[in-house]
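For reference, the structure is listed below as structure tokens.
Note that the chains take the letters A, B, C, D, E, F, G and H in the order they are written out, and that residue 1 is the start of every chain.
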Amino acid sequence: GYARLDTDRLTRTGDPEVVYGAGKTPDQVVDLLRHLHTAHPDRAALATRLDATALDRVRAAFPDARLDEVAGTATLGPPPTPVGLVCVLAAGTSDARVAREAVRTVEAYGAGVRTITDVGVAGVHRLLAAKEEFDDADCLIVVAGMEGALPSVVGGLTGVPLVAVPTSVGYGASFGGLAALLGMLNSCAPGVVVCNIDNGFGAGVFAARVARR
Amino acid sequence: GYARLDTDRLTRTGDPEVVYGAGKTPDQVVDLLRHLHTAHPDRAALATRLDATALDRVRAAFPDARLDEVAGTATLGPPPTPVGLVCVLAAGTSDARVAREAVRTVEAYGAGVRTITDVGVAGVHRLLAAKEEFDDADCLIVVAGMEGALPSVVGGLTGVPLVAVPTSVGYGASFGGLAALLGMLNSCAPGVVVCNIDNGFGAGVFAARVARR
Amino acid sequence: GYARLDTDRLTRTGDPEVVYGAGKTPDQVVDLLRHLHTAHPDRAALATRLDATALDRVRAAFPDARLDEVAGTATLGPPPTPVGLVCVLAAGTSDARVAREAVRTVEAYGAGVRTITDVGVAGVHRLLAAKEEFDDADCLIVVAGMEGALPSVVGGLTGVPLVAVPTSVGYGASFGGLAALLGMLNSCAPGVVVCNIDNGFGAGVFAARVARR
Amino acid sequence: GYARLDTDRLTRTGDPEVVYGAGKTPDQVVDLLRHLHTAHPDRAALATRLDATALDRVRAAFPDARLDEVAGTATLGPPPTPVGLVCVLAAGTSDARVAREAVRTVEAYGAGVRTITDVGVAGVHRLLAAKEEFDDADCLIVVAGMEGALPSVVGGLTGVPLVAVPTSVGYGASFGGLAALLGMLNSCAPGVVVCNIDNGFGAGVFAARVARR
Amino acid sequence: GYARLDTDRLTRTGDPEVVYGAGKTPDQVVDLLRHLHTAHPDRAALATRLDATALDRVRAAFPDARLDEVAGTATLGPPPTPVGLVCVLAAGTSDARVAREAVRTVEAYGAGVRTITDVGVAGVHRLLAAKEEFDDADCLIVVAGMEGALPSVVGGLTGVPLVAVPTSVGYGASFGGLAALLGMLNSCAPGVVVCNIDNGFGAGVFAARVARR
Amino acid sequence: GYARLDTDRLTRTGDPEVVYGAGKTPDQVVDLLRHLHTAHPDRAALATRLDATALDRVRAAFPDARLDEVAGTATLGPPPTPVGLVCVLAAGTSDARVAREAVRTVEAYGAGVRTITDVGVAGVHRLLAAKEEFDDADCLIVVAGMEGALPSVVGGLTGVPLVAVPTSVGYGASFGGLAALLGMLNSCAPGVVVCNIDNGFGAGVFAARVARR
Amino acid sequence: GYARLDTDRLTRTGDPEVVYGAGKTPDQVVDLLRHLHTAHPDRAALATRLDATALDRVRAAFPDARLDEVAGTATLGPPPTPVGLVCVLAAGTSDARVAREAVRTVEAYGAGVRTITDVGVAGVHRLLAAKEEFDDADCLIVVAGMEGALPSVVGGLTGVPLVAVPTSVGYGASFGGLAALLGMLNSCAPGVVVCNIDNGFGAGVFAARVARR
Amino acid sequence: GYARLDTDRLTRTGDPEVVYGAGKTPDQVVDLLRHLHTAHPDRAALATRLDATALDRVRAAFPDARLDEVAGTATLGPPPTPVGLVCVLAAGTSDARVAREAVRTVEAYGAGVRTITDVGVAGVHRLLAAKEEFDDADCLIVVAGMEGALPSVVGGLTGVPLVAVPTSVGYGASFGGLAALLGMLNSCAPGVVVCNIDNGFGAGVFAARVARR
């Protein structure tokens, strides 16, 4: 086999292994998803970073799988009953894929989720108007590309734990998301923590764990 | 005055403003600390990044202040009753200053804290032996310099939410902590989130907020 | 001599040459300032980036010079009658030196100037409250370090031309102001333009020219 | 929908939102353009970064739209009466796309515009000969790739406010426009301000605002 | 000819020249392989970095060649009798191509080889369980992408000389393998040495030379 | 205590822990050296990166310690009987500190060592003349700063396993040793492996392990 | 037209303008070549960076043009009588395109040229054997990718002025030619000067000017 | 001895070894200078990068040595009869040290030299006025910091071979001379070649060799 699944991970960490689809063939994705589903039939198995072909193959193999074409994800098996609430905020429409990957991950990891989009800092009144919608969450995921300023503004409005996700949206001196990443790491709002560029999955895992406590 | 303190922050976010001592004169630190203490007499005021001179001046001005010379911090006023538990793990002895800044911040932000040091990955048995000590925490802070590998190993052993702090410990191709920062951002353990290089304060704020929930 | 002053610059560009004090001895600064003052006695001569020693020497040599110790500048000769208004906004107290360098430059280049400090984005209400103070200016200079998010928020609140100045305030992944610089270059607010890190002088020249029109 | 247009932007900043075509489907572009045109029928709606397919779709949907295939832009609705004059200078023929994006943006934002091309610094007499053509403008936009030296030379010839736009034209150690960007940020001509690499749009917005005053 | 083969290399260094397939046409690869095989008929000739087309052409030209489609290599002529043992460890399934390039190189350079895959540090028990399998080798090759932490953990478990190979597996702030490369160069385990990103070939040559002694 | 020594390392890896002096007080160095010496009285204890003050303190505390002022090292206790031979080559005189750190480490780790200095590639005949002196070694350590070309030339002359150590010698575009590091990682000589910038210690550990086999 | 040719360049600098084909359509290339040829019918017109399509179009338009498919160049009109001698050395076979671009440029700029290929430093005897072939030249062009060490070795063997050209040949930490570029800039051989990555044209212009003197 | 002088260099390259003073003690400088002078009493021995202490020691040891305190150089023994002419142009007064290092090197390597300073591109008329002074030279050395634009403008005015030297003059995004270096490498003027940042010595060696032919 091309992979030794870490099926013991559920015991050690409370969450099962997932399928990371990048660089894998559709057949490998289907195979691994089946494997995970068999190992943990009562816990949703998640696959991320699936392109159109992989999504089609998964659909054909598992008619019950729930696919999200914006997120590029597939989920197989019963989702956990959601505990707590994660709120995902996204700065612009181009950040949708990353934001949705976070949403699907939060669900698969057992927390509830609410989404607020298009609240970029260049129109800060939209954000202020939404404060009530995110102030009662257990954890926030704030997704932004370009200069990545959204977490700083949100972080000054609320004390909810905040995970920032820089995206590769931008061009020129955005250097593939580096500008947003550095911006978030240097946020003047205390208590902002950061994930890798475009890593909606990592933010989702983390936030769900916080929310489930 | 040289600064307009954001004294409304407590209302908005649940935590008061703190004094960031870098680039400030000892007089300014004392002044700001007094200002914060007066504004919120029932909540500990914290000052970070204090050098020896600033610590001396604070000691003289506020005999009741609690100073930590390793961390370079001063705390004035009653600490909040700790809620929940944060565990701070540090890879090496050179990471002590950053780890201690995290510890003092967690305390000032109202959570309990436990410290485990010298559990670098080159002697992984020491870390495995300590699993029980960190597995029941509400949030982990994992501090490491050089290649910054510790969060990946810890993150594979537990499902506790994990905040990684890269330090500037190292030389040559560590590029002032860049190697550790990039390593942590690319951690293969799901759910690792990251702070700025040497930012024990930010990690402490975040972790305390998670633990207090 | 160690320098050929470009005394023809006033004719070509409408503004005289200035003395850039970095890397020059106090004697050279005094000498060049006298030279400029003699060449254009009716237009204020400006020297920037002066340390304490250079300021002392200038004070001794020209009792009439106006010194700004925060900015590190000296101005000799009658200031032009101000035309138009530039507003300088600064995110934090540590950005004061750069902001003040901009202020002194605007004055020497013939525009009026107003300053608003400590309006960092982590307390965005302070900024919203100040909108009236900057909305009637002819040009804005927005100074910020760390993640450099302030220009994006200001740029979404007003249509006044906005020049952003990143500062080297920060540590770790701020990389000497790089994070703020990249953030500003990637601002999602349309029409933000950017100067070199810590370059309050350049921003002041530009903004004064816009305001004077 | 995939986007919440910031239709309030006109009120706040005096200029309406535009459509940024990169990463959007042709259908989305048409949709957003219609939306903007409906919201502000008396003010030209602009779409940028359109490839050939998107331009075709816009042409089919809006026979009255004005398309610029070099710039990759579409404009729908009556252009504002031009106020003031912006002059766009470009160093080489390869910089045409960026220069033309600036031109179309200036027009849509309500200023007059004049273009001077192929005045690279390796043939500086061409530039000197053109001084009269740019010396009476209200704002200059100077577009250059490779080493990005043109703004320094122009900035030494005139006191007109000057916005520099680095382009990604070049190879090897140009690193996608980084060399030109750094060169412009370090310009020895006082008062040069800079936009993101290839950002003709941002320069156009800024310059039009200056010219309209 | 397009190349002067360094056929004297065997005399100087004990190992013959090999064919580096990247940037060469399939015809050139076949030609050079024949040339090497003719020059040293009793020592296996190796070609690396072959894509599917090149592999097909080699298969057609030399029915006796041994091809490895995962590694992208071809070997022609009798392999040397293996002396000593190299153990190749790989962190994840995506690192397979690089690991297999190392394996085929070790064989062609005359050492025995054993492979252990999918022992990433996020499941460190798998690695501990494998200690016996690698502790008796003469040299280790440790292949990992993302944060590249595996060599530090392995290097703390054994005194066998250890060559680390970073791979370009990852995204965002992995910057094409830079994160793993820096991590390995800064390893806190003493005695870790490093090859270029994805350079299984170089690690294989080195390790085989150590093992053969 | 400020440190938990990994005294079990000798059992796991065959070599004891060492004292890394950077960032430690002279007292800490003395203390740790005593600790190591007590734990393994029959195996030399090594301390590296000692400045003049630390060397003096060690001399006073342990009259039997062997100090190397060029290397900045101290060794306490009986050296192991050397097995095998490591040859250290250095390009220039400025590389001496790093080369000597490697030499002292090789000795403390139990291999014999021979040094060849000032064989930079700009005078390649000196290197060719020395081939006999390094061709019979079990492992080579090649130290060079600036462009770091020496390993490529040596690696083309011999099949002895070769560890390259870039140094921070140089200025400007050497970027603290980055140029040499990148050069060595991209060596066209097959089988060159690389250590961190200025890491003579790591190269010494590795080479001694190869030589002892 | 899309370009204003700098036809006065011949008068100012002694050499005519050339056509840089990158980013131009085949039609533009043909057009510009005709334009140059008409302006200076007695001096060869050169076009560089032509892909297969552009070469075909040039061949069709100008049957007398001399095409070089390895170099990607076309030359139209009588070559100048060669004065002096340039010698082009290339490290590996993959550097051929850049080396040949240099050769064709030297010819068009009026110097004689000799080529020596495949003299990489990993087989330094090949280079030593060729010393006579390059020691009588007026200027050397030394082309190398990967670690770019060749100029340092050549520069130590001869006092002929030496222009180094880094190429983008390599992978991983070669970062598109950056490793070779930095290596050459830091050459320990005195008097090595450097061109942009892959810039055979620039090296050719420079070397021909030296040789013609 | 701490160094093996390459005294055979004169035979191989036509020029003797020099003393590079950085990182050497004054005693070592004196010692090496004596050694070189003894080896080649009829050819000037040069030492560069000398600080005030080293210059004093050299003055005391060799009353006949010619010292240049701006350049930080010492020359001992009869200078060669100058052949040909090198012209050194410097953009600003802060570039003086580097320009003077080039001047002293040219003299020691046997060519005549002329200097033109303060001809930065922000006052391009000064440069145009000086064209006659540099147009008859055999080689130009053009020294500039900040954006490093001067070589592009000079290179468009003349066909004399041109060596560009970036300096570390600047701040912020000049990144220690990187901006100037990249600018010069990407010069749009054909035939500009480049040295390391601040490397007046290297430029001087190269230019003298060209001029002497």
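In this text, contacts are C-beta pairs under 8 Å (C-beta built on N, C-alpha and C of every residue); 3 or more make two chains touch, one makes a residue touch a chain.
Source: prediction; values computed, not measured.
Path length between chain A and chain G in the chain contact graph, taken as the least number of steps between touching chains: 2. For the pair chain E and chain F, chains touching both partners: B, G. Matching residue numbers shows that G-H is the pair in B-C, G-H or D-G whose interface repeats E-F, with more than half of the contact pairs in common. Between chain D and chain H the centroid-to-centroid distance comes to 42 Å (mean Cα coordinates, whole Å).
Between chain E and chain G the centroid-to-centroid distance comes to 35 Å (mean Cα coordinates, whole Å). Counting partner chains per residue, chain C shows two or more touched chains at residues 9, 12, 122-123, 155-157, 172-174, 178, 181, 185-186, 190, 196.
Contacting chain pairs in the structure are A-B, A-C, A-D, A-E, B-C, B-E, B-F, C-D, C-H, D-G, D-H, E-F, E-G, F-G, F-H, G-H.
Residues 2-4, 6, 8-9, 12, 22-24, 166, 168, 176-178, 181, 196-199 of chain H are the ones that touch chain F when the two sit in their complex.
Residues of chain D touching chain C in their complex: 9, 12-15, 18, 138-139, 155-163, 181, 185-186, 190-196, 201-203, 205-206, 209-210, 213. The touching residues of chain B, when paired with chain E in their complex, are 91-92, 120-124, 128, 146-149, 152-153, 155-157, 170, 172-175, 178-180, 182-190. Remark: chain E residues 93-94, 96, 117-118, 122-123, 125-126, 169, 171-174 touch chain A in the complex.
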